[in-house]
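First, the structure itself, so that you have it in front of you.
So that you can tell them apart, the chains are marked A, B, C and D in the order they are listed, and the count of residues begins at 1 in each.
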Amino acid sequence: MRIGVFVCHCGSNIAGTVDCHAIAERAAELKDVVYTEDVMYTCSEPGQAGIQRAIKEKGLTRVVVASCSPQMHEVTFRRCVEDAGLNPHLFEMANIREHCSWIHDDMPRATEKAYDIIKMAVAKVRTAEPLFPNEVDVNKDVLVIGGGVAGIQTALDLADAGLQVTIVERESTIGGTMARLDKTFPTIDCSACILTPRMVDAAHHQNIAIMAYSEVDRVQGYVGNFVVDIKRRAAMVDWTRCIGCELCVQKCPAHAPDRFNVGLAESKAIYIPFPQAVPKRAVIQTEYCRWFQQGKCRVCSRVCPADAIDYEQKDTYIQRNFGAIVVATGMDVFPWEEYYPQYGGGSIPDVISGLQYERMLNASGPTGGHVHRISNHEEPKNVVFIQCVGSRDESVGRPYCSSVCCMYTAKQAILTRNHCGPETNIFVFYIDIRATGKGYEEFIKRAQTEFNVNYVRGRVSKLYEEHGKVMVRGMDTLLGQQVEIPADLVVLATGTTSAEGAPQLAQALNISYDEFGFFKESHPKLRPVETNTAGVFLAGACQAPKDIPTSVAQASGTASKVLGLLSKDKLKTSPQIAVVDQSRCVSCWKCTDVCPFSAPEKQSQRDGSQKSHIIETVCQGCGICVATCPVNCISLKGFTTDSIIDQIEEALLA
Amino acid sequence: MGRLTYYPGCSLRHSAAEFDISTRLVLHKLGVDFVEVPDWTCCGSSPAHMTDHLLAQGLAARNLRQAATVGDEMVAPCPSCYQRQKDAELEIEEDPGFRQTVNEVLDLPYEGSVRVLTLPEVLLEKSGVEAIRRRVTTDLVKLRVVPYYGCLLGRPSSLTGEADEEQPTSMDRLLEAAGATVQRWNYKTECCGASVGMPKAEIHRRLSRKVLDQALEAGADAVAVACPLCHQNLDLRQVQINAAFGSSYSVPILYVTQVLGLAFGYSDEEMLLHKHAVDPRPLVAKAIKEAVAFREEEARLASEHEARQKMKEAAKQDRARRRAGRVPSTEEGGAAPEEAVPATSAHDREEEAAG
Amino acid sequence: MIRYDSEGAAQLRDRMLSRVKADVAACYQCGNCSAGCPAAFTFDYAPNQIMRMLQVGMLDEVLASSAVQLCVQCLTCTSRCPRNIDIAGIFEDLKTVAVAKDVRVPEDAATFNRVFLENVAKYGRLTEAMMLLRYNLMSKHPLNDAELGIPMLTKGKVEVLPKKAAGADEVGRIYRKSLEKARWEG
Amino acid sequence: MTAQTETRTRPVKVIAIVCNWCSYAGADGAGTARLKQPYNFRVLRVPCTGRIDPLLALKAFQKGADGVLISGCHPGDCHYSEGNYYARRKFELLDRMLPHLGVESQRFKYTWVSASEAARWQSVITEFVGHVQELGPREGRAL
């Protein structure tokens, strides 16, 4: 056995706190180590070439690279040694950067620790065995979860490339948040004019199937071969018959808050969110329906020309297979009412959210695009916008910037000027203005100059009603003066929050999410649309708050990643899987009980007995069975018990 | 042990005697057992904690020690006293080292662990809304009040047990339980100017005026408080406010315990209403009188309504009887859905027919 | 023009971290504390400006400001701070620093505090009438609360002859010991 | 200083066995954020805490570890759905068994740190190493 150890300086990232040269020299004394070297940047091209040269010239049979986290470069180096003719699993990484140099200051002690880490890696690589991947067939259908602008974009890109795409959308129509917006910044072009054609494209595309009013219930399988259970929620309307004529909606006698218009108007118990809905199908909201609540009515059923109403409909479940999953579940508006009692907590009628104002501005919205006070329908004289409501506010558990509010507030302020004319006073309370996109800063300047919007630097502490006005008590920090504005209408630039149910979906998909419910990408810079679960990708605001251009750009990026994955007919599976020593198996079947993937199967032996056998393409390599087997007859390739004990020993050796 | 001790504090001894008396009577009426902290002394609020931290905690710790000799809980109706003593309680509990430091300035060490409570906390925890409601004998439904918590009854919520700092609810619940009509308003927790009112009169005048203004805007006849300082600024200094702004406010300021006491049937004299600068007696008398008239009217309307219902019921039975005599029962199935069609649709159809 | 005092700023930050558990460096100057402050209209510096001054180490200016002395400790700022900074706690601590350092605080406030505490140290409990009287005499505007005094007297809200409470002597000792300790350590 | 006091005050040795998906990534994140941590712990990476046989923890104590920390994904967040639940069951048993084997239960900890919880990793490891240091090095390894 001939082991080579390469210690990376990573510029000064490691060498700043670890004496790389010294430990490289010391490592040469370790058993089986025949060659060591310290390198400025091991991951660079010359660095990798050096490793390959050493493998050939020094006859190395195993390699350890001491550098950064394996999550960063394990793949890189495995490929590197493979190209030099070694099995990629005869390679091990020692993480002396994230786990050592970056968390310590004292060079002698950090160096000692780095040496220990290298010793552990050498011990591990000593017991390593060559491993060879299996190949599995790939299903080329793609599931897109969420039919907002990001989901639509990914679906269209993939469908245009020839893949079969299914969009699963929780609401009864696709379109997402963008469908509710009036105009978009910084161009002030109509949101519906951009989005609705894309929605129709998706609906008519021969490679796209839309499953609206449906949710992902369960996900099994693995990359290339996901098995997904989808729940079709009972709409109480047979969508194969419904033609979206809206006759039922017109005649329905039961009123319900209009969710699409964020409560600014009333809708009916039987509901189609908006005229351009795709698919345009009715849904009965049973909690408001007279038939479901009082057992009387059935008006919709009588007026429906297509005989589509079905009060007996139940949720149905269907199972589909996919090769890849794109999560594009978007975001929700921050529920400010629960968190800001100092702004009236929703009890002051003339204090509304940004999304409500968006609906008010919209010509097909509840006020027909007329801006008026909610309390008395008069045109407002003083309109006040308050930024960072539910953003950058740790007192409400939202320390992050929602990234879209500065811009949408500027847009709404400009539109207010257009709607209300020059007499109206428009104020925007801001802390900082974040206008980093293309043309954004220019847009802010136009709001301030061309549209005469008064930007006040400071936060608003309290809103309260007085003499028919909403008193805005704020601060002009630049003047060092408190200000009070008797406002007619106050629009809160409500921040964004993760979509309802995001953690549950993440758990079903086995992907990570942060404390706020946004899904975690595999690497913030290098793998921004991948997740830690192979075959599951992210698009849009489900990953972090995003505006439309960024969501769409990311969605197309995601599509290209999915295409890259599915361009192959077969996928190599990880060879780091469990294997049973059948001669010692006692057929207790504990392994079949605990395996989350049903990888162990009962295999009949020649003598008629049954022994456990692990299906290689199904095993995900978690090792639960290994720790569970009472006779220790299962071992996990790449993480054998011996190799773990060897590492422990090395770490503890004085 | 386990007794509730009562810390009146300096204000309640004299300038806020009506708060003291009404609190004692209300606790007594509700059957809440308590004993006064023996030989209590001033808590030091607010100059002490703005002068020296150890002085402040030392003064408060002395009272905790005194309370510990007879009980393990302490109610301080005055929110300033409450806050000082609660603050000392928490710091001493959390930091044994600090307990030692404090004990160095005391004559005798404090080794106990007394839990300090606000008055609303005691009323709600030891008695509760239901118990209060049961003891109400005088109807105060026509007394429209706003609960004024001021700074210290709601903030910080981690200390006072309120769920929300901006919208505390304990006084609302107490006043509603007493049968008063509680108006929603925006100034529950805005400051009245506190004791800075003394060195800088301008502050309290402006702030207290705003509180009175908002109370009236909310449609209240009186403001309910639970703080001697708030009471002084709003009641005693209302003349100063009027003099400074040329206004003519005359808003009675009642302690929440006075409202409870009145509801329990105590007299104006027992609740020491005459001690207030703005005399609340006319308002209280008027409210009680109006309530009686209101209840009479309510009873009259109810009996009328009942009579009408009875007549309707009788007529319906009558119709049913007659119909049963005439119409075969098979047609009833067809009639039922007709009935279910809402008025609008029926109306539409009539119009169509007319057209 | 000012020069930033980085060392002083670091010391101040540490003091507030250890005494109040508040990090002045976390302040991002949104101005919410100032917006909601009921007394800020009488301040020379708004609360957010005080926070900024602390960030750059301007302790002397802060201690000399009327803002620190006129803060009413209503906790509105603390309760609404989006960075969860205990601003009122910082102001309270600054008041004690001002006392310990003998910084000239506005006469009214200093007199009020002194009269109050001396009264308490003497009688064990606050005798409001005596205190008010002495305060108004010492602050040289004896008629300040005259309108107040009359209703207080007539409404029987004043104890005319103060009595010494049972624990008064101990309170006097607490007063003297604490301040002595502060003087030695300050 | 006598030899004996030296052993009592020497830095303790702590082994941290963490899962690849959550806690290892969390520790990576702590490194990326330059969150300072104690020197005397060594990290061992396994795919999932479900892979960790409690005997491995015992082995570590036997080989001279003064403390063993196991850290995985939060309940419900396991990359393999339920590995951390199986791990929890095993380690709760181990936790109860350790004192009978002469190992103070404070020397063993099972916790969870997600990939996004860099600061939590820092506080978990710092506190744990601190507690073990308070107990001091283990002497007379009966186990």
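The definition used in the following text is that a contact is a pair of C-beta atoms (placed from the backbone, for glycine too) under 8 Å apart; a residue touches a chain by one contact, two chains touch by 3 or more.
Nothing here was measured: the structure is a model prediction, and the numbers come from that model.
When the interfaces A-D and A-B are ranked by C-beta pairs in contact, the top one is A-D. Per-chain CA centroids place subunit A at a distance of 30 Å from subunit D.
The distance from the centre of subunit C to the centre of subunit D, with each centre set as the mean of the Cα atoms, comes to 48 Å.
The multi-chain contact residues of subunit C, meaning those touching 2 or more other chains, are 41, 76. Shared interface positions of subunit B, defined as residues touching 2 or more other chains, are 165-166. Multi-chain contact residues of subunit A (touching two or more other chains) are listed as 342, 462.
Every pair of chains meeting the contact definition is listed here: A-B, A-C, A-D, B-C. Put simply, subunit B touches subunit C in their complex at residues 10-11, 13-17, 39-42, 44, 46-55, 58-59, 62, 66, 104-107, 150-152, 155-157, 165-166, 189-191, 193-196, 198-203, 206-207, 236-237, 239-240, 243, 274-277. Of all residues in subunit D, those touching subunit A in their complex are 13, 15, 17, 21-22, 24-25, 27-28, 30-32, 34-37, 39, 42-48, 50-53, 56, 59-60, 63-65, 76-83, 86-87, 90, 114-117. Interface residues of subunit A facing subunit B in the complex, by the touch rule stated above, are 251, 253, 296-299, 341-342, 344-345, 347, 462, 464-467. Here subunit A touches subunit C in the complex through residues 342, 388, 392-396, 431-432, 457-462, 473-477, 480-482, going by the rule given at the top. By the touch criterion given at the top, residues 69-71, 95, 97-99, 102-106, 109-110, 112-113, 116-117, 120, 503, 506-507, 510, 512-515, 520, 532-533, 576, 594, 596-597, 620-624, 626-628, 636, 639, 641, 644-645, 647-649, 651-652 of subunit A touch subunit D in their complex.
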